[in-house]
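Across the two complexes that follow, chain A remains constant while its partner is chain B and subsequently chain C.
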Partner chain A sequence: MEKEKISELRGLMKTRLNRPMRYYLDLCTRCGLCYDTCHVYQGIPKKEYSPVGRSEVVRRLFKKHFRLSGRLFPYWGDAAALDDAVMDDVYEAAFSCTGCRRCMVHCPFGIDIPHILSMAKLMLIGNGTAPEELVMLADMAVEKGESVEVFRDGFKENIRNLEKDVQQRLGLASSEGLIPMEKKGANILYVGLSGAHSIVHPAVIFNRAGENWTLSFFEGVNFGAFAGDPVKMDLIAKRIINEATELGVKEVVMVECGTAYRILKFLTGEHPFRVSSIVEVIHRYISEGKIKVRGGAISEPLTYHDPCQLGRNGGIFDEPREILAILALDYREMSPTREYNWCCGGGGGLVALDNEQFRIKSGKIKKDQIAATGAKIVVSACENCITQLGTIQTGYGLDVQVRSLTELVSENLDI
Partner chain B sequence: MRDTLYYFIMVPMVYLAAAVFVAGLFFKFMNVMLSPRIKGRLGLFPRRLPRAAGVLKDAFALPPAFRKDKVFWALIIAFHVAFVLLALGHLELIREFAFLQIIPHQVFLGAGAVGIVLIAATLYFLFRRFRTPWREISVPEDFILLLVLFVTMIFGSHMHLAARYGIAGFDIPLEDYRAYLGGLVSFKPVIPDMIANSPHYIIIVIHIFFANLFIMLFPFSKMIHSVFAFSALSLKRK
Partner chain C sequence: MADDIKVDVTMDLKGMKCPMPVVKVSQQIKKMAVNQVLVAETTDPGAQADFPSWARSSGNEIIKTETEGGVSKFYIKKLK
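Take a look at the complex of A and B:
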């Protein structure tokens, strides 16, 4: 690796040396308690796929390039210098991690491994070896934020078509205004994804609840975060923040996308509006009696997969369970569950990459967990999880149906 | 020559170690404080306890270790409790602390058991690392620190046990350790004759040498977890 490249990468590492990064890099005792707490390691037991193994890749580089001791006595901490081979390890460590933070729950110090790996991802961008798909999708999202005018009419046209679907589902005479857009002073700005289902089902629920809402022009998903580019992550999130501020809404409601929810709620500072997940809103409507779902509508055994970004990273555990308790006659909990639940293997943008075999292997523990419940329906509330659960289902020929919570609610509304 | 070397270890090196320790901790602390804060919150859920109580529980009861490996957990707790008792014992060599006599004891609490517990735990930590998968994630630092602790503790325990149980003509009375440490803290260093002329002097020199080494490595090694654990655990609950 050339000198210039090394100093460029070192410069990028430096931009990530914030306070938590400093102490996370210093304090790991390599106690190994996190060793097998990663679902990837469970599926492919290689040191590189253990949380501590991943963080060591970055830590060794940090020692060599930022610590006097690492430069003088690399032996002491096994410090490693930047070179092309190391960058392959960096890729392996960073883009096999879903950012689920299950390891953090098991670390006695609560070290945030994905936070450490954010340095790795930034280096990969600098090295030009970050996954092209993610970088491209992030660029497209940023571009859409900058020239929304170009997209506006086409998007509205598509929404008019979706309104007809909503009309049918609600059994109404007219489709007029069923999916409002650019509505100033609405209570809720709902942010969907590019798939029609992510708009139609919530629209059914909002209409049924008589909500004063409006649909965002943008998708919730944040490929900037997946690619590991903090600047693009901010730009992509800003699109929604600006839209919400301009419309003066009270609340931004995020589609079933864990990362989008966590970024807007926890990683982008304070906002003049409240941030909720669609799951919380459905739960609220039910408790307030604004919508009713058919009690015991589903008789087949059913289980719920906690999306990592909604559950342990977002604090939404009870709402989905309470909704499902009404819908399902035979609800079964996975083991372990809630904050200890195994990640499905789809997070961190991994489902957008061409890595199906890897995801099937790393989803093994999830497969075992689902099979052990004997459930025939697996419900989740995150688009990534649902895609990955589908991959696990086909990959292992698992006899289950994978369903989205919002969809299930919208289909079982008591009219 | 020998006397000069011994003197160097017993006096100037102790001051050097103390200076490196304090300056190192200050450097590490500033290193973090001068780095930019992050914008968001990295907390985990659920949070059943108020933040401060949660941090204390995480720091002192180590729930993740308890869940995962009860033996390891017990030894980690035993090690850390014994380490604190050990520090208190050394302070008592400098000065009597009346409040510590709630449990009546000679200078060191535990009649030698504290040292034995520490040595046993240290050996467990070391032997644990010899095995897969812990061997693969270990770096030289992990082994060396444990070895430095082991040697320090073996010799320290020997000094204590030999004096307490009067083994084989071990002729250094407590008062001389007091005089030595008292001299160090009052910046009037002396090495009492009973120590300097004892055939066991070398044992004390080795103990002090490795203790100095450990103290100097403290801020610059993973031992810093004793400080940063609180920052990380607090962030986890923000």
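Take a look at the complex of A and C:
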């Protein structure tokens, strides 16, 4: 590796060396309590797939490049210098982690391994070796924010087509205005994904609740965050923040996407609107009597998978369970559950990478967990999780259906 | 007209979950030669925003778009 590149990467490391980062890097005693708390390690029991195995890759570089002891006596502290082989380890550490933070709840010091790995991701961007799929998707999303005029009419035309689907599901005479767009002063700006299902089902629910809402031009998911690029993450989030501010909405409601929710709610500062997940909104409508779901509509045994970014990292545990308690006759909890739930292995943008075999292996503990409940339906509330649960289901031939919570509610509305 | 365009690869991306349509097209176009044409068929309403933005940011060109019965077809020419 050339001297200039080493200096550039060292410079990038320095930009991430804030207090929490130094605290985490200095404080890890390598006690190993987190070792087997990672679903990846459970499926592929190698040191490099343990949480501390991942953070060590970064800590050794920190030691070598920012600590005198590491510079003078590299072998004492296991310090490592930047070179191409180390950057391969940095890649493996960063992009085998889903950012689930299950390790963090088991660490006596609460060390945030994904925070440490944010430094690794930034170095990979500087090195030009970040996953090209994630970089491409982030670039596409940034470009989208700059070229609404190019796709405005085509997108709206497609939405008009979806309105007919919503009309049919609601049994109405007309489809007009069932998916409003660019509606100033609406209460809610709903942010979906690219797929029709992410728009049609929420639209059915909003219409049923008599909500004053409008649909965003953009998708909720943030590939800048997955790639570990803070500049692109901000640009992508700002598309939605600006749209919501210009329309003057009171609330932005995020599609079933844990990362989209967490970024807008917790990682982009204060907003002049409230940020909610669609799960919270459905729960609110049911509590306020604005919608009714058919009690006991599902008789097959059913379980719920907490998306890490909604549950452990977002605090939404009770709402989905209370919704499912109405819908399902035979609800079965996974074990462990809630903040200790196992990650499915689909987060961190990993489902967009060409790594199906890796994801099947790292999903083994989740497969075991679902199988142990005896459930025939596994419900979740995150598109990433639903994709990965589908991969686990086919990979292991698991006899379960994977369903989205919003879809289940929309299909079982008491109309 | 679509009939005048020589299509080299057609991809059926209907019903795929986010973000796979764009990922699959991006992977496929890398295997193709410059000036070859790929047709992406999708039912995603968001594809109307995704594909033009992807083409602009990746240096490819959408030479034609057709939409019929909820299915959009993007004719993408590899430029580099």
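The criterion applied here is as follows: the second predicted complex is superposed on the first by the 415 of 415 C-alpha atoms of A that agree within 3 Å, B and C clash if a C-alpha of one lies under 4 Å from a C-alpha of the other, contacts with A are read in each partner's own complex, and residues count from 1 in each chain.
The definition used in the following text is that a contact is a pair of C-beta atoms (placed from the backbone, for glycine too) under 8 Å apart; a residue touches a chain by one contact, two chains touch by 3 or more.
Since this is a predicted model, take the numbers as computed values, not measurements.
Asker: Considering only touches as defined above, state whether A:A352 meets chain B (first), chain C (second), both or neither.
Answerer: The second partner, chain C, only.
Asker: Touching A:R30 in the superposition: chain B (first), chain C (second), both, neither?
Answerer: first
Asker: Looking at A:T406 after the superposition, I want to know if it touches chain B, chain C, both of them or none. Which is it: first, second, both, neither?
Answerer: Neither chain B nor chain C is touched by A:T406.
Asker: Report for A:A141: first if it touches chain B alone, second if chain C alone, otherwise both or neither.
Answerer: The answer is second: A:A141 touches chain C but not chain B.
Asker: Figure out whether A:L193 sits in contact with chain B (first) or chain C (second), or with both, or with neither.
Answerer: So A:L193 only meets chain C here.
Asker: Is A:V221 contacted by the first partner chain B, the second partner chain C, both or neither?
Answerer: The second partner, chain C, only.
Asker: After the superposition on A, what does A:N341 contact: first (chain B), second (chain C), both or neither?
Answerer: neither
Asker: Between chain B and chain C, pick out the one touching the greater number of residues of chain A.
Answerer: B
Asker: Given the touch rule stated above, what does A:S118 touch, chain B (first), chain C (second), both, or neither?
Answerer: After superposition on chain A, A:S118 lies in contact with neither partner.
Asker: Which parts of chain A are in contact with chain B and also with chain C?
Answerer: none
Asker: Write out the stretch or stretches of chain C touching chain A in their complex.
Answerer: For this pair, the touching residues of chain C are 16-23, 26-27, 43-50, 52-54, 56-58, 65, 67, 70, 72.
Asker: Give every residue of chain B touching chain A within the complex, in rising order.
Answerer: Interface residues on chain B, with respect to chain A: 28, 31-33, 35-46, 58, 62, 64-65, 67-69, 72, 133-134, 136-142, 144, 220, 222, 224-225, 228-229, 231-233, 235-236.
Asker: In their complex, what parts of chain A are in touch with chain B?
Answerer: Per the stated touch rule, the residues are 17-24, 26-33, 35-36, 47, 50, 52-53, 56, 69, 75-78, 101, 104-112, 115, 266-269, 311-315, 317, 338-339.
Asker: Hey, which residues of chain A end up touching chain C in the complex?
Answerer: Of all residues in chain A, those touching chain C are 133, 136-137, 139-144, 147, 150-151, 154-155, 157-159, 161-162, 192-196, 198-199, 217-219, 221, 223, 352, 354, 383, 386-387.
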